[in-house]
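Next up, some structures in structure tokens.
Across the two complexes that follow, subunit A remains constant while its partner is subunit B and subsequently subunit C.
Showing the complex of A and B:
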């Protein structure tokens, strides 16, 4: 049912806010159907990058291509139409709606019918609504949130809201899924569930997953490629094993002094 | 948390159980009232039904999309004066197109919608209170035009509203004679039934729209516009759709009010009228269709009730006219808004939910132990 994952090419993306450079020449490629993580200390530019990728920020320079189509300059709803789905950092639900209605909003772009079609119950609008509900139930079952559908979204516990958020992003039928800290604030056993969920999304639906996450165990466990950002610049991109031993990455996380210390302890023979 | 969730899904089921019988009983009572009540009560009802249509329109914009509009009286006036202009024959001192009155009524409602659509570059881009301030301009422009464009509005003296008739059938008149169970259906009875029917149809339309993908897009914009956009909702477009829809409802209410008034004067369609409609929406609970209708009934009938019973209320009757019914009504619903915002922001709609809960027999406690997952 789903289109295969998209290739994401980010080239030379630079974002400036009133003189502060949030992103500077960021370049990397996420291959179709892979899990690609973006990590970095607080303030490294991860959230800015996600806002560029979902059309909220317009970068000063650079290009972002999804399977070759330029994304920069498109309004957010057109970015969604390009096949980019996004789950949010704080799992923000539309509080006045039920879980099912929240998921149905993921289908908004794929549905049909305006004011007149809805108010007069025209057949094509009713058919579109029926299809949307069926798809939403299917996505909800895939992520194990189907028992929550009738609940008001405002009553969801945090962990459940995060899963519903991912389900809502999946309901848009993305070819590229942006996950903004999916495991933030979760217990250990919930993190295991998140890890399995992300793996299943990439494996069973072949969707490209771009992941921002602080939990290194999670990132290194599931990602094929990791891009490390620091001060808005790419420090390195590579498989998890190589990234963790990269001097520049250690410097970014532990500070220059930490890296120097590590280098010293390695260069000096044990006495 | 699970327990709270369970309770609310139980409430939802209880709501469905009650809704059908309550609607049937209410419908029968509303249809039977003209057989028993006198002119005063029927006129009170007709005004309330007409106002309720306008209130539902404003509720969609304010309660569901989270926008503020102070221009509702402007769109009511477009409907009212649009109808007068389209249906009146032209004379030396006044403009008119002399269209058949039913066509004039339909076109007048469309005109109000077009006026709303023309405002959409602002209505789509501005958010919340900023739109409120911008819409204020429309009220002042409207008032200026109403007082100065004498050929259109009759100026200070106002202008008569031509009757609405379909063929020889006077919708709000007496011809031809009709009766129901021996009760003659004259102006007041017909006014009640016609406004009630139009209110019922427009309410069903509004409920269907609000339950659809359009209504969900509205609520998503209200609850988080950035996230709504990231899910593919065209925020500016839906804001202007809601504004246009609300101006169509206002235009329809304006046409009906004009027909009930029979003669309209410019000073009625001022900023204060917009505030009255906002009061209806707030008292009704802001986001509820039924609440907006109840709020409209309350706000529009309070001054009429106070007027009728002013002799029986100490200090209000007699020659002391600066403490009149309209003034007391304003103070009363002003006070009511304060109380509602403090103690029950979901307004009359929430009171109905509470009453339903109190009346629903409690299930045995064991039902609460059903596993949540």
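Showing the complex of A and C:
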């Protein structure tokens, strides 16, 4: 029913801030319709990467292609039009709007003389508004937040706000969905819900999901591929099973000493 | 009693006109965080186009009116696109606001030069006949101002709360970066706000020059400037506030003028200072204005 997921190709992306290199030659590919996680310690460059992918940062070098279309250099609203949706780490809802209005924003395109058409309530504007509301309701039902539509967004508890945030990103009908720590600050049973939601987005809607998350159980449980970042560089990309046993990854997470210790304990079986 | 009632009607009518101008300032502030000090000059420019189309080129009012409204809207969009947009990239909203003072001065100088010592009429259809009701007499033009302004204000509020664009604008006012990530074109939102502000200013201008002024002359800009205290009294980020602020400024001006002999100790012409005194009093009690939202900043 929705457009199938996009292939995301990130090649040699380098971002520098006043001499500090936040990302250096980052390269990986997320395949259409898969769940691809990006992990790494704090400060590894995950947020910078997301900001590049949504058009906020312009990298010094490199290219990002969504189904072959170059994304770098586009304004954020054009990136959205390209089929990239984003949910936020802190679920930044517009507090002054209702939940439904927040979701309608995801449907918003001020194209084709929309201001006047909407103001004069021309038939086609009315039709497109009806379609937008229907789509919003459908997405809200998909995520189980349809009973919240009439509420002011300011009144949402944190967990609900995170779900509405994902719904808002889905309302833009993305082919690539960027999820920034969807399980952050959640209880165990809420995390299970988040996991199922992400699975359903990829499986039922064939949307490519790029996931940044600290909860390793969640990441390893649902991702097809995992890219590990450290100090702005890709340590490795591979399926979860291989990544967890990668020496360099363990080093990144536990430090060199930790890796050395693990290596020692493996070379010297306990007596 | 009758005197008070007629002053209240006149104050409300004048206030509704101020509210139209103030609303333009608020809409621009909400969509781009820029305070548009050039609003009086947009009013003068558009009203001048209408007045000169009628008085100097012999066009009918109903042709001259849309010409003036469109001219001010186009000029406002140009100011936004050519000048203000440059500041948007760096979020230098204070610099952009101060620049609009420059735009105001330049534009007013040119409009004043063209008006010279003439008094241009706009050929508006509301006459100066006095309508009598409830024992008071009110000029027809004042009633037209009140009715038309109220209608425009209601339409505007509906538009802001019902339309797609209204939702986009309220979202942009809250968080421009997230709004742009939702696919909202910030440039469009801002340009639309400027166009609406220009158009509203001209609608107000036509009523200001209809009565009590005999027509458009260079003194109208001082009247138009009172929209600024109106916007600030109401709270710069609140459209409801702009309407309330406009009414308060209109009422204070008319009441102070009406009871002038009792306020003689304040000197003559105090009604022109009254809106600004009122603004100071309101700001002392409520720094964000009557309806403004005090930004809660976590430190």
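Keep this in mind: the second predicted complex is superposed on the first by the 265 of 271 C-alpha atoms of A that agree within 3 Å, B and C clash if a C-alpha of one lies under 4 Å from a C-alpha of the other, contacts with A are read in each partner's own complex, and residues count from 1 in each chain.
The criterion applied here is as follows: contacts are C-beta pairs under 8 Å (C-beta built on N, C-alpha and C of every residue); 3 or more make two chains touch, one makes a residue touch a chain.
Note that the structure is predicted; figures quoted are calculated from it, not measured.
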Superposition on subunit A - do subunit B and subunit C clash or fit: clash
First (subunit B), second (subunit C), both or neither touched by A:18: neither
Touching partner for A:157 - first (subunit B), second (subunit C), both, neither: first
Touching partner for A:101 - first (subunit B), second (subunit C), both, neither: both
Winner by number of subunit A residues touched, once subunit B and subunit C are compared: B
Partner chain in contact with A:92 - subunit B first, subunit C second, else both or neither: both
First (subunit B), second (subunit C), both or neither touched by A:147: first
Subunit A residues contacted in one complex by subunit B, in the other by subunit C: 54-56, 75-77, 79-81, 86, 88, 92, 94-97, 101, 104-106, 108-109, 114-115, 118-119, 129, 132, 168, 172
For the subunit A and subunit C complex, residues of the former touching the latter: 54-56, 75-77, 79-81, 86, 88, 92, 94-97, 101-102, 104-106, 108-110, 114-115, 118-119, 129, 132, 168, 172
Of subunit B, residues touching subunit A in the complex: 1, 4-5, 8-9, 12, 205-206, 208-209, 211-217, 219-220, 222-224, 226-234, 241, 245, 287, 372-373
Subunit A-facing residues of subunit C, complex: 159, 163-165, 167-168, 170-171, 173-175, 177-186, 188-189, 192
Sites on subunit A touched by subunit B in the complex: 54-56, 75-77, 79-81, 86, 88, 92-97, 101, 104-109, 111, 113-115, 117-121, 125, 128-129, 132, 147, 150-152, 155, 157, 168-169, 172
